Structure formats: C-alpha cells, structure tokens
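The following blocks contain the structures, represented as structure tokens.
Here chain A shows up in two complexes: once beside chain B, once beside chain C.
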Partner chain A sequence: MLYKKKLPLFIFLVPGLLLMVLFLYKPFIENIINSFYDMTSVVKMPGQEWKFIGLENYKRLFQDTKVRTAILNSFKMMILSVVFQVGIAFLLAVLVSRINKGQHIFRTVYFFPIVISASAIGLLFKLFYNYNGGMLNQIMIALGKEPINWLSTSKAFSMISIPIIWSYVGFYFVIILTGLNAISDELYEAASIDGCSNFKQVFYITIPMVRGVMCSCITLAVTGALKVFDLPWVIVPKGAPQGVTHFLGTYMYEQTFTISNIDYGSTIAFVIVIFGVIVSKIVSVLIKPDKNL
Partner chain B sequence: MRKVKRLVYLVLTVVFMMSLLAACKKGDVKETSETKQETKDNGEKEENKQETKTENDKHNPVTLTTVSMHGGTDPNAANYQEINKKFMNDYSYITIEDDSQTSDQDWKTKIAADFAVGNEPDVIQFFTDANASDVLAADKFVTIEEIKAEYPDYAKDTLPAALEAAVNPDGVQRAVPTTGFWEGLFCNKDLFDKYNLELPTDWDKMLKAIETFKENDIIPIAVSLNNVPHYWVEFLMLAAAGPEGFTTVPESAPEDWVKGLEMFKTLRDLGAFPVDTDTIDNDFAGELFKNKQAAMQLDGSWYAGGIPDQDNTVVVSFPVIPGGKAEPGFMVGGLSSGFYITKKAWNDPDKRDAAVKFVMAHTCSESVQKYWNGNGTAAAKVEPLADMTPLGISGLNYSSAATSISTPTDARIKQEAYNTLTAGIVDVSTGARTPADLIEEVLQVNAR
Partner chain C sequence: MSEVKKKKKKIKVSTILIYIILSLWGITTIFPFVWVINNSFKPSREVVNSSFSLPIEFTMQNYVKAFDNLNILEAYKNSFIISGSVTIAVMILASMIAFAMTRYKFRGREFIHSLIIASLMFPVFSTIIPVFKMMSQANLISNPLSVIIPQIAGNLSFASVIMMGYLRGLPIEMEEAAYMEGANIRQVFTRIIVPLCKPSLATVGIFCFLWSYNDLFTQLIMIRRRTKFPICALLNEISSKYGIDYGLMASSITIIIIPVLIVYICLQKNIIKGLTAGAVKG
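So, the complex of A and B:
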C-alpha cells in the first residue's frame, strides 16, 4: 500500500469534485429542469415565474425536421471522422514512423492545424468559399470557368466537412505515431527475416500492436463528432444554407442564443448528452478497446 | 542592528524628501505655465480649471460602470469614447469602467443575465421598446420623473417629443435618447445611370431595375437572408399592410402580412438576391453594395456613414408592392434607445451625482450633435451641418419627406417571436414554408 492514510487523498480530491459539481453537474441538472419550463429569459428575473410545460419540448423534438437533419449530419460526421480523420492520421503515422530523418518536421507540420483556433480556420475557409471574390472562385475565373456557389445546399455539407476533418488529422496523427514508436523494431526485423513484406507488416504487426491506441482515437473521433460546433458556425452560421448543415451543437446554439428559445435549446443540449453516452457505449461495445487479441 | 535601522530611516527620509521636491517642481511648472497665459480668455479658462479642480477635490473618488451599444464597429464608438474622455478630464474624481459592445442577440442576452443576477452597470444605453422587456422586468431603472425631482436640469436639452418617443412599453419614461433612426433603400445611383434606369420609386421601376441589373451581372439587391433579413421583413409587411395594419399585433396571420412576406419568394425567383444570400453574412452583403457589385440595399441611417461613395449613393423611399395598403413615402424609423440610470447607482450617494452627470454629458446638445452628425434623427436641438455629403442630404430629404413613420416589429412583439420570424425567412423565400405558417408560429410564440 503506497498510501496508508486515505484522508489526505480525499482532501486533495474534494476541491476538484466541488468545482465539477458546481460548474458542470449542477448546471446540467438545472438544464434538464429548464427543458420542462417555458423560459422567457436566460435567467429568472426577480418576481418572474416560468410556466411548466412538461414534455412539450420533447414532443416538438420528434416533429422537428431540423433536429432530424442535425442528428443525421452528426452521424455522418462520426463516420467521416473515423474513416478520414483516424484513417488518414494512421496512414500518415505509419509512413512517418518508417522514416528515420525528418520525422520531427512531419510531426510539426501535421500537428500545426491543431494549434490554430477553430475560428481562424473557419474564417479562412469562409474566405476560400466566398462566391464573390473568394479564393476558389478567383482560381475558377482565372481558369476561364464560371464561379461556383461552393456553399450551395448540395455542396455545403461536404465543404464544411473538409476543414473539420483536416483540422483534426494532426491530433490523431500524433497519438498514433506515439503508439507506433512504442513498437519494438526487433519485431519488424524478425518479420523481414521471415520474408514478411512491408505491407503485410502493417496488417500483422502494426495494427494489432496499436489496437488500443486506435480504439481510443476512434472513441475520441466519434464523441468529438457529436460536439462539432465552432467550425460550421463560423463558416455557415445557423445551419446555412437552409438548415442543411445543422449539427446538434449548432442547432442547440441557434435555438438558445439566436432565437432565444432557451428551454428548447436546453432540451437539445440534454439530447446531445444522452446521444454522447449512448454512442460512446456502443463504440466501446463494438471495438472492445480492452480486449486482448 | 541599530546602525541598520538608522540607515533604513535615512533612506526613507531621503526618498520622502525627494518625492516632496518632485511634487513641488510639478507645481512650479504649472505655475510657470500659468504665468505665461497672456490673453484674458486663457486666464479665465485656467481659473475655471482651478475651480473645477477645487470642485473635484470635494468629491470622493467614484468608479462608474457603464455600458452602451457604441462599441466595436459602431459608427458612434469614437464619439462615445471622446465624450467619455472629456468627461473624465472634467471630473477627475470619476473613473469610467466601460464595457460597450455592438448590440446583437448575444449582447442582449448577456445584459439580461447581468440584470437578473444583480451585476447591472450604473449607467446603460439600452433599448426602450419591447427589446428591453426582459431587463425592464427586473425593475432596476430609475424613472426620469424621480431624477428630475432632484436634478431639474436632467435631460434639459432633450426634446419633449423625443423623450415621449423613448417611453418604455409600460408608459414610463426612464431613458434619455440621443438619436433616432430611419431605415431606407440605399441605391448606387451611378449604376442606375449607367444602365439608364430610373430609381425604384414604384414597383414597376423596381422590377425593371432587377431585370436589367440581373442581365448585366450586377446583383440587384444586396441582402443576407440568413443573417439580417430584418429590414426586408419590415418594409415588405409595412408596404402590404400600411402603417395601421403593420403596427397592430394580430391574433392570427393577417392576409396583408402574408402578402408582404410572399414577396420574398417572388424576389428570389426573379434573381434579385445574391446567389449566396443563404450563406453570406450582413457585412459581406454590405461590401457587395459598397463595391458596386450590388445596386440596392435596405439598411438603417447608421449605415450611411460607412459608405465610401457619398456622392453617388442616394436613399429613396421603398416602393409600395402591388396591392399594398401603404401610402408612397412610408418609412420605418423611430427612437428606440436611450441612457438609463440604474437603482444601484442612484442609491449610492457618491455614484448618484456621477451617473446623472454622465448621462447629461452624453445627452446634451453638443454630444447629440456629434452622435447625430447628419444621420438619422436627433433627440435634442442640433445645428444643421454645413459640410453634409450628398448622401447625408439625400438621407435627410428622405426622412423629412416621409408620409408615415412606423417603428419596427420587434418594438411590439417578444424577442423570441421576432427571432422566430427572421429565422424563418430563408425557408419562406425558397418556398419550403408558407408565410402564413411562419406568421402563425410567430404569433403563437408571442402569445405565450
């Protein structure tokens, strides 16, 4: 037993717990309660009463087509995140781990988008996509072609997926690369002596050895997709065009802060948490991160 | 030990003496400069300064927390700061802690939250109409009547009609306004001249202009339907319903309001709006107009100052839509903001006087002249500007010739209802939703 006296441990743990209760769990419970009331302002003014509306907001949730779009987009983003964010990151990490010189340069270059704020990336892509004078349309005009509305209803989701995926590849790249560097070179050497090709080494050595890391990355990517907010909000606020790019986060924000329908926003926020818990549980069951192969 | 103590005392004494000498030297410099004042005027000024200084010395130091809408990119942000600076020079015992921001929905939410939790500022420039209902519900403002009982000169420069216009929805006067606004149709006249078009004073001319501009790759109307469709909502509904129908909040969707909003789809189908009207924000739309990529834009009087081409831009009255009940020359405008003093400041003996002085500094004729500067309407008597730009004159002529002035819809209905209305305009313009359905929802939200 490293610590015989448990009291000091509790003393050090309690402040963190209190902060969590005060700033996370209490607001969360209040948020659930708020979803059952018709809130007329963000905070209750002295002497003001809010009407109890029961499950009205939850009934509305099932009829709201924008909620359906937001859920669908969030699921699409989960798949895209796993396939492209984690997939590209894995591919890059495997390639970079095989080179001896310049690994640091690649590590820095691929990780760089992570340190740029989402608002800056969003603004950058907003300017790329701008119909009048945007960078992409300047190129189109220079090539003698007609400008394109890059954020039209048919293209908008794909266009905003690009910066979302691109900006997080570096994050998973660094995690996976760290996992790859932990694999002993002797394994690869032994495999080479036995005649195993580089391609087969990836499947029979690399993937099984980084399975735990990959599972963590997939869990992070899936749950992260549910929290997508900042980039789409900067590039196409309010789910523009015509609500097709709404995610659960952006729709919750629009209802709460743009339309001032705070109780409905609280309902969506609660649904986001429920989805997060369910999805992470499903992912955990499906990929079994703790299972030894 | 004693030696060390002595040394410390010695050092402290020297430092004290030095600081006294420095202070005396400062005084000497001031005196020297005073002796150099040769003219009578300057001498008087200095005397006044001395008097003010003496007057200031009588007061305890006061820190006044203030909030206004003149922050960020607001055209009057510089004027507001300039008045604050002068105010702090005049009253050296008052320190202003200002947290001004441009007014948007997030800002309004923040202000409401501050008032609810007792974190309200001492003085705030805020809305006076239904936009202020959340904040007014907290009952934290002092009425003008109460202030005037102690400070009879309070709001002395403000025109009685302006004070009346800035009355709160419950009929009580709490805010002192500075300027009012008008909304109008800004036109790039040079583009109209280039294509031999008449300004859109009636609907046929408007349609002709849209058609011609469209053919010539000019965006007829700069607007972001996703971000700020507000002006179009106001003018189309007002044009259709006339001032009476527009300013009456009905129980079910009125035919005229529906007819007004139906025009969004008509205009969209005609190609009147930018291709990316669903995704650009209002600033981008404004740039299209300013860069002459777009011919027309509906906006408010505050927008005029930021237009680079003051010579070739004009403001015209919005045309009446077919079957509309409004008289030509109708206008959206009003006085919808003013300076309030909170009870928190009023109940603090030191802050009470400072807050009153602050509001008077911002609402006196001199300050109103600065805020007005030819844009919108002034709440106090102002001198006509000698160097008004052609656009400024055009705006003045437009607002002076108005046959009716109606306040915007958000002055009468709940914020949530109004936001629901503006958030549904994109769907109405594409035909995904009927105007009647949207208005019904808006009225339901308002009635809750």
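So, the complex of A and C:
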C-alpha cells in the first residue's frame, strides 16, 4: 500500500531515464543513421543537405586495409586478454588462496595498477620503450647488446599489449579470488583424504566450482578488449608506426576527429557495436555460463 | 616418523615456491612505479644513463618545471570538478532509478529494465559523435558540462544494475513500518533506503569516480582549451610535447600517481570489497 501512488514513481524514474534516452539511445540511433549519409560537418549547417549514400561507407570498410588491421588487432587483443589476463589472474588467485599469511598484501599490490589512469601507465611505458636512453635499452647496453627499436613495425603490437594485459590482471584476480574463497575447505579435505593431489584438486574441484566466475571474467575481458583506447593512444598515437597498432577505438577516433571523416567514423563505431554483440554471443555459446555442470 | 617429516618439508618447499612466484608478480606491479618515482629526482641526463641507481645528483628541478609549465593544479581542479559531479549525480540518480524499479509495480517495467540492460552494451565510441554535435550546438565545448553529462549517462546503467541487485535483497518491512508511522515516500527514500544502500553506493561511487577520472577519450574530444584540460588530457599533451625531457615526464607521472596512491592505501579495503560485491551481485 506504500507503493500504490504512481506520481512519486515518475519523479524517481524520469530524470535518470531522460538522461539515458537523450545521451545514450538517441545518439546511438543517430549514429547508425549518420553512417548512411555523406556528412560534411558534425553540425548540419542551415540550408545544407547531407547526401544519402546508402551502404557506401560499409563497402569502403572492406577495401580499407587499416580497418582490417584494426579489427585484427582488436581480435588478437581479445584472445590475449582471455588467455593472459584471465589466465595469469586465475593462476595467481589459486596460489594466493593456498597461502595463509599475506593474502591481503598481495591483493592490495596486485590491484593497484587498476586505479592508476591508463594515460599515466602509457607515459610510464613510453619511458621504458624509448630508443635513446629508455629503460629497456639501458638494460640492453648494460648486457653489451645493441639498443633495439622496441616500437618498430614488427614489435609494436606486442609491446603495446604488454601494458594493456599487465594493468588489468589484478581486476580479474580479485574477482576470481572471491570466488575461490567461497569454496568450502571441506571439499579439499575430503579430496586429499581420498588421495587427490593438489594439482588434481585444481582440475576437479577448483575449476568446476568457479566456472560461473570465470565465465563472467571471460566476457568482461572480451568486451574490455574492444574498449581499448588510452594506452595505445598515449604510447603510439595514431597507430604509429604506419597504422599497425590501430585498434578499432583509436582508428575510429583518428578518422572522426583528426581526419574529419565523420560519417566513416560513425560507420566504424557501429561496426564496434556489431563486432561486440557477435563476439559476446559466440563466447556465451562456447562457454555456456548458465549451464549447470 | 621420517615419512611424516618428509611430508612436512615438502609442503614447506612448495609454500616457499608459491611465495616466490607471487612476489615476482608483485614486483612487476610495484617496480615501474618505484622506478619512475626514483627517476623523478634526477636530471634528465642521469635518467638516460643510469635509471636504476639512486639519484647521484638529487634535484627538485623537475617538479619546479612541472608546476611552472604545466598547470598541474589547474588540471587537478578540472578533474575533480568533472569526476566529483559525475560521481554524485550518478549515485543520486541510480539510487532513485533502483528504488523505483524494485519497489513499484507498473506497466512497462520489464521494458525499462531491458532498456537499462541493453545500454550496458553501448560502447562510448558509438554515441560520442552525435553527443559531440549536441554539445557544440549548445556551445558547451571545453565546458566541464560537456564531459560531465555524457559520463553520467554512460555510467548510469551500470550503477542502476548494481543498485537494483542490492535493493532487491533488502526486506520491505522496514519501509512499511515507517509508512505506518506516517512517513511519506520522500522520507522513506532519504531516511531508510539511502542509509541502507551505503555499501552499494560506495561501490558505485568509487567506480564512477575512477572511470570518469581515467576516461581520456571523452576528455580529448570535448575539452579543447588548454586551461580546461583535466589530468588525463594534460598527460597526453605532456607525452606528445615534452616526450624527450625524461626528468620532467618522470616527475609529472609521479605527481599524478601520488594522490591516487594515498587515496588507494586509505580506501583499498572498500575498493576491493566494493568491486567483489558488485561483481557477485551484478
């Protein structure tokens, strides 16, 4: 009876929803429509008409080699994120759950890079990778080797993916560790009484018990890889060298805001959405998060 | 007897091994920050030649230069205005949405629920161009509002989902009792719901703040005037403009990291707990 009157309902619901409709749904739909037009500027001047060009932008996608690189890089990043971010995080979480002292310290230390802005981490790694006097080349010289161009065309992508992966391991680590701590010790005790080795326990108890948590981590890692922008943009702006380090996000930004290909940028933005939906569908078919094993 | 001893020893070796592996990863997360703080006290030529040793020629010059040339304090102010407003607005709006969605029964509730869930899937890239258009039509480019409003909208759906999950688990009896005592809806909301929601409000607040503070993309697009740059946009500029002055770069990274480090050490329990509560419920 408390919640019978409908007027307060509107007061509570409308401000937030209005904001979401105006600044999420409307622009989202507008962006899709824009991708079918030849936009000359972001704001339509009075009396000016944009030409409807249909699927022209989408055809262009297929001929654009840089888009291919960007899609490939984003896709590689997804796989690397799942394998290394979630993989390392799982390994560390299993190890930490096995120790008694210092869990808290490790948790605090591992999580720390998450709170540092990606731009600061990008700058930091720039100092590492610099050719003249960067940290890595100082090590090379100290070892009596020639300095290496760490951001050359062949190495740049791997060098960019290292900080991206490294900085987010702690995030998944904390999520998985919480899942692990929820498993009761009795299960492990019963298993070791039955003669199950520590290694086997991981496979037969730990992994099945944290399956749900792992699934959400994998989904988060895959969608997170699509949102990569700051780190590559700070370390190697504009996909340098020669566009080989472009991700979908950075390429969309470059096309829209530095080259002013606004309609093409809108098209890429929509492709990011489609790509994200398809990949997360595939992932959920592959790992079946809702299935009870 | 000897067998028991052997087993004990074996366990110890493996425990030591575990600690070694864990510490190695710990070093990779701490070392870069220690390295950069150490180097921020050296002149650039020393950074280039011996970045691993402690400063031979201890200098504060890099910090003087950073504060003189870079408007760091200004950038902090801009960042806090933006992220602070985003955080507060999201906390208020999300708790209101969550309250309405979990306590009221009305036609179209399912529809609104699915709208909120669907908007979780919109990456910022897919909305930014039309939002930029709206902002420039309203003459708000370089105004903090041009970052604040889209960030509120962008974080609202995530925040509402977490708050709805939390509120659904709270028993309704207390609110009914308050109603019997003569409280109106507004009082029920501000005196009962909001205080009860504190843990999930903290989660939402911390993450909105971090995401807003670290979001380079929106800042780059919306803020064009240098004096209005928030921290991340300023960092991006430092990297393209002063990329060869290693000492200055090290000191500006340190200046950016230190306040976050202090806040993190004070709040780390809430941050990590908040994250896991959100992950389990969301």
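The working rule: the second predicted complex is superposed on the first by the 273 of 293 C-alpha atoms of A that agree within 3 Å, B and C clash if a C-alpha of one lies under 4 Å from a C-alpha of the other, contacts with A are read in each partner's own complex, and residues count from 1 in each chain.
Rule of thumb we're sticking to: contacts are C-beta pairs under 8 Å (C-beta built on N, C-alpha and C of every residue); 3 or more make two chains touch, one makes a residue touch a chain.
A quick note: this is a predicted structure, and the numbers were derived from the prediction, not measured.
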> Which partner does A:230 contact after superposing on A: first (chain B), second (chain C), both, neither?
Replying inline: second
> Which partner does A:156 reach: the first (chain B), the second (chain C), both, or neither?
Replying inline: first
> Is A:241 contacted by the first partner chain B, the second partner chain C, both or neither?
Replying inline: first
> Comparing chain C with chain B, which touches more residues belonging to chain A?
Replying inline: C
>> Looking at A:132, would you say it contacts chain B, chain C, both, or neither? Reply first, second, both or neither.
In response: both
>> With both complexes superposed on chain A, which partner does A:40 reach: first (chain B), second (chain C), both or neither?
In response: first
> Between chain B (first) and chain C (second), which, if any, makes contact with A:52: first, second, both or neither?
Replying inline: neither
> Can A:13 be said to touch chain B (first), chain C (second), both, or neither?
Replying inline: second
>> By the touch definition at the top of the document, which applies to A:261: first (chain B), second (chain C), both, or neither?
In response: first
> Hey, what residues of chain A end up touching chain B and chain C alike?
Replying inline: 42-43, 130, 132, 237, 257
>> Give the list of chain A residues in touch with chain C in this complex.
In response: 1-3, 5-6, 8-9, 12-13, 15-17, 19-20, 22-28, 30-31, 34, 42-43, 88, 92, 95-96, 98-99, 102, 106-120, 122-128, 130, 132-133, 135, 138, 166, 169-171, 174-175, 178, 198, 213, 216, 226-227, 229-230, 233-234, 237, 248-249, 252-253, 256-257, 262, 265-266, 268-270, 272-273, 276-277
> Which of the residues in chain B end up touching chain A in this complex?
Replying inline: 105-106, 109, 112-113, 115-117, 134, 137-139, 226-227, 274-276, 278-281, 284, 288, 293, 414-416, 419-420, 423, 426-427, 430, 432, 445, 448
>> Going by the contact rule set out above, which residues of chain C touch chain A in the complex?
In response: 14-15, 18-19, 21-22, 25-26, 28-30, 32-33, 35-36, 39, 47-52, 93-94, 96-97, 99-101, 103-106, 112, 115-116, 119, 121-134, 136-137, 149-150, 152-154, 156-157, 160, 175-176, 179, 185-186, 188-189, 210, 213-214, 216-217, 220-221, 231-232, 235-236, 238-240, 243, 246, 249-250, 252-253, 256-257, 260-261, 263-265, 268, 271-272, 275-276, 279-280
> In the complex formed with chain B, which residues of chain A make contact?
Replying inline: 38, 40-48, 51, 130-132, 149, 151, 153, 156, 236-238, 240-243, 254, 257-261
